[in-house]
Amino acid sequence: MRIVRSGALTLAAVLALSACGGGEGDDGSGGEGSGSGSGDAVSEGAEIRLWLNGGDTSDELRTWLVETFEEQNPGSTLVIEEQDWNGLVPRLQTALTSESQTPDVVEIGNTQAAAFTYAGAFADVTDLYEEVGGEDLLQGFVEAGSVDGTVYALPYYSGARAVFYRKDLLEAAGLEVPTTLDEFTETAIALQEANPSGTPAFSGFWFPGQDWYNGTAWIYTYGGELAVQDGDQWTGALSSPESQEALAEVQRLFTEATSAPRDADSNEPWVPFNNGEAAMFSAPTWARWSIDLPECNKGVDPEDTSDEATALRAEQQACNEERTGIFPLPGPTAGEVATVFAGGSNIAIPAKSQNQELAAELIRLIFSEEYQTMLAEGGLIPGNSTYTSAMGDDAYSQAAIAAALDAKLTPPAEKWADVEGARILEDFFQKVASGADLVTTAAETDRLIADTLS
Amino acid sequence: MSALPAGRAATPAPPPFSPAPATGRRRRRPALGAHLLLVPATVGILVGLGYPLARQLVLSFQEYGLAQQFGRPAEWVGLDNYTTLLSDPYVWAVIGRSIAFCLVNALLTMAIGMALAVLMARVGRAARMTLQVSMLLAWGTPVLATMTVWQWLFDSQYGVVNWLLAEPLGMEGMRYHSWLIEPLSFYAVATVVVVWMSVPFVVFTVYAGLLQVPAETMEAAQLDGANAWQRFRLVTVPMVKPVLFVVLLLQVIWDLRVFTQIYVLQRAGAPTRETHLLGTYIYSLAKEFSMAGAMATIMLVLTLALTAFYIRRMLRQEEDL
Amino acid sequence: MSRPTSTVEVARGRDASAGDPPRRAVVRPDGTGGRRRGGAGAVAVRWLLGALAVVVALLWVFPIYWMVVSAFLPTNRLRTPDPTFFPVDGTLSNVRRVLADPTFYTAFRTSLAVTAIVLVVAILFAFLAALAVSRFRFRGRRSFVVTVLVVQMIPAEGLFISQYQMLDGWGLVNRVAGLSIVYVAAVLPFTIWMLRGFVQGVPVELEEAGTVDGLSRTGAFFRITFPLLAPGLVASGVYGFLQAWNEYTLALVVMTDPARRTLPLWLQGLVEANRATDWGVVMAGATLIAVPVICFFLVVQHRMTAGLVAGAVKG
């Protein structure tokens, strides 16, 4: 607020500001010689930088990584720079091309990985792949980060979707937790008709029109695909008999089991759930922390760190979890789970990094038993599936593990990210939700997918 | 620290033109002084934009994507990018939509903006400040926040717009109305948002232009017996005309490539392919830089075509001065 | 609008004979515009227009009002079947959390530095150029004007790659100076055009009348034309300020170091700080980002009026 007090923007003030702005620039990244000018790949005494996105990697994990890395590589330092998912691609497009600015290890979304892998942005880590787990690593993610058998990006973590439900509403409608996918549809429709909470826009299953993540679960479970490779060519596969069968179910859910708007996407499904307007929704398992039913809310200030507040928050969470249940989306027959859509991220070493050795050291650390276990304890499926058991045995972890073991990623096509960028599947499911003819819509979308992937 | 030289250049600004007494006819001075005045701006633009713009044009004749960025050699493809785009009927549909959207929005923005600027000039200080601050807030609040709010306002399930229509106004059918799912309705919402964000700029600029009209001129016109409307039409409008020209031109340019508002509203639940305008369409090509570059050139030609009439007229007028 | 120029010429001729520094017509302290007219009718009209202005202001500010309301509500009350119009039982917790966040202040300083540099450099450079093209006639003038215009017509979405490589070559990535350079270039063409319009709006005869009265050409310019340009400078300044203050796309690629974030990047970071966005906090952050904009405006607005008064008094 300096501008305001000084009244006018005098030149002196500006110079002072620019000087202080520039000065900051000098002491920070310039000082340690951020791995740039020094350029000695022989590793001793370099600073390496790791880009992690969003808040998925907890502070505890970060601290452990920095401390352990610096302990094991005396004289070197690790700097973790947090990036945002939104805008990550333009950042990678630019920073990864610069020898002086490139981070030494990056986290990248699994659907974004293919484009960069094919472009040659990452260093070959095939040797590391064998060393840090090989077959035990989540294979879908390995595939997303590989070209012709060479591995460029390793799996970091995965999360799968599971179904949250209101126990009290199911009970009020006299329904049980469904055990097959057909039963799930019937339960959702029955809930929708019963409307046990009596609100006007009630959804048995919250299924907004653009929610292609959940729509895809049906396609995968029925044995369909989003796109298939035929020689060198990728084409959309929504017209296949399996996909069509699945889409008919999806359309039935859209029309009979939900009041969710057609012009809404899969974001924040807990909002209608918390408002008592949806009995079930499907989301990544961390959504449990966003469930906040009014009857449980104690109105605690989130800043308040007193013992009393902490106790109240625990009570509130217990109350929410008592009224809320979770189950993996069931499969075609009882005892099976559906093949749901998995999301997560990969980790890679940029080809331009001047600290390849140290970066590889960091990767080894990330795949160490200790770190993988900590990831799992934080509720994520770790890149190495051996450590999945560390996720715990509560209902949430069980649902997450069950869902994740059969989960499937998007097709590993080089240009798949363009399909997502063009929002082709959002448009498609929205049309399905609007009651469009499945055969013609699917044919049209298949063509668009083929055009985009070729 | 490139700011320093810039700052130094700024120290007590040397008189912008030579101190020689102004005896010659106006605008006929030796050109050196004038050229010197242009140096800083020219350097500024060239340094920040010159190379990127030239490169964008060059790329549009190559095949250049992510892989080329990481070292794969770029291949010259001549006019391929252009023919690919221009032979796609979908691109023409997008161009048509964009022109229509641009004209509607630019004209609406100008009309509302000018009306409000005149209104601003005619009301008391308190009312004027209220209007100015509210305009400024609409213009100056981070777009991330305002776009989120607009999304919430038009939300089908929890939107205030639907709530207002249904509860106090009794239009029950609108309670869960989906605003974004039909392209026309989508563009109507987009127009509301775009006009909302653009009008403040027009108001401020035109209002500043109105402030420039010397009181003497007005009084003189009044002495000549001109009524308020005549004074406005014959004195005010011609004097603010250069400003109006510029503002209209800029509105056309900006509205033709409107991006953020459309992008966010699409993500709020609209059918994407049916609602693309040029800005969002270019963005969806973003990983093929050469394609995006070609599209940018096409848009430049389009903008020039749309504004050629005005530009020519303006330049001719300038020569007359 | 048959022959607008001739009307101006008539008006200008009359002005030239006055030789005084001009006063502005439209806004008077009493706000009537032009000569004061008596009568209850005029007063009623003025009140009516004032009321209209306030209604428009309220309508326009509603989305911002909604943002501020949201800043005072816990996130679970933001999207409910019955909206909250007045946060009477709201919470200050969101605002407190933003104010307790040290990264907010870092981003604030960075944004302030970038904005100040851009504002001063762009306005100065543009002003000089606008002066040249509207007060002088020389070879290349037209091509300069047209080039500056055309530059603005080229979509800039694809430029960031080249701009990044350029700054990287100069070692200016993650530097305030680097971001300022690309911002200045982005703001300059527009500002030149705007200021050119404003300089043209001041009849050159006014200045000449001043020189007849014995002022040097430079003196006439600063005594007569410059005060009349103040509103235009303020309008362009507000534009430059907002561009630099709110720009996101270029800052995104240039400032990758979290310690070098500008405010819009910081706000995006707030959206992603938790896996489920705490929108109340984001809205509180956005509200705090908007405050300096208003402060800046109030300051320059005041300066603008002060300049006006000074000009009138000196005359």
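By written order: A, B and C. Residues from 1 in each chain.
Basically, contacts are C-beta pairs under 8 Å (C-beta built on N, C-alpha and C of every residue); 3 or more make two chains touch, one makes a residue touch a chain.
Since the structure is predicted, the reported quantities are computational estimates derived from the model, not experimental observations.
Visitor: Keeping to the contact definition above, tell me which chains border both subunit A and subunit B.
Guide: Where subunit A and subunit B share a partner, that partner set is C.
Visitor: With contacts counted as C-beta pairs, which pair of chains has the highest total?
Guide: Max contact pairs: B-C.
Visitor: Can you give the whole-Å distance between the Cα centres of subunit A and subunit B?
Guide: So the centre of subunit A lies 36 Å away from the centre of subunit B.
Visitor: Counting only Cα atoms for the centres, state how far subunit B is from subunit C in Å.
Guide: Computed value for the inter-centroid distance: 14 Å.
Visitor: Taking the mean of the CA coordinates per chain, how far is subunit A from subunit C in Å?
Guide: About 39 Å, centre to centre.
Visitor: Specify, in ascending order, the residues of subunit C that touch 2 or more different other chains.
Guide: Where subunit C meets two or more other chains at a single residue, that happens at 79-81, 117, 120, 161, 176-177, 180, 248, 268, 271.
Visitor: Which positions in subunit B touch two or more other chains at once?
Guide: As it turns out, subunit B has residues touching two or more other chains at 1, 3, 7, 10, 69, 155, 157-158, 286.
Visitor: By the touch rule stated above, which residues of subunit A touch at least two different other chains?
Guide: Those would be 11, 14, 18, 21-22, 90, 93, 97, 200-201, 271, 277.
Visitor: Touching residues of subunit A toward subunit C in the complex: what are they?
Guide: The contact residues of subunit A facing subunit C are 1-4, 7-9, 11, 13-14, 17-18, 20-22, 24-25, 28-29, 53-56, 81-87, 90-91, 93-95, 97-98, 100-101, 199-201, 268, 270-271, 274-275, 277, 284, 286-287, 289-290, 292, 294, 297, 301-303.
Visitor: Looking at the complex, which residues from subunit A come into contact with subunit B?
Guide: Checking each residue of subunit A against subunit B gives 11, 14-15, 18, 21-22, 90, 93, 96-97, 115-116, 118-121, 200-201, 208-210, 259-265, 271-272, 277, 351, 417-418, 421-424, 426-427, 430-431, 434, 448.
Visitor: Once bound in the complex, which stretches of subunit B touch subunit A?
Guide: Touching subunit A from subunit B are residues 1, 3-4, 7, 10-11, 65-67, 69-72, 155-158, 175-176, 178-181, 266-274, 284, 286-287.
Visitor: Quick one: in the complex, what on subunit C touches subunit A?
Guide: My answer: residues 74, 76, 79-81, 91, 93, 96-97, 100, 109-110, 112-114, 116-117, 119-120, 160-161, 164-165, 168, 171, 173-177, 180, 248-249, 252-253, 256-260, 265, 268-269, 271-277, 292, 295-296, 298-299, 303.
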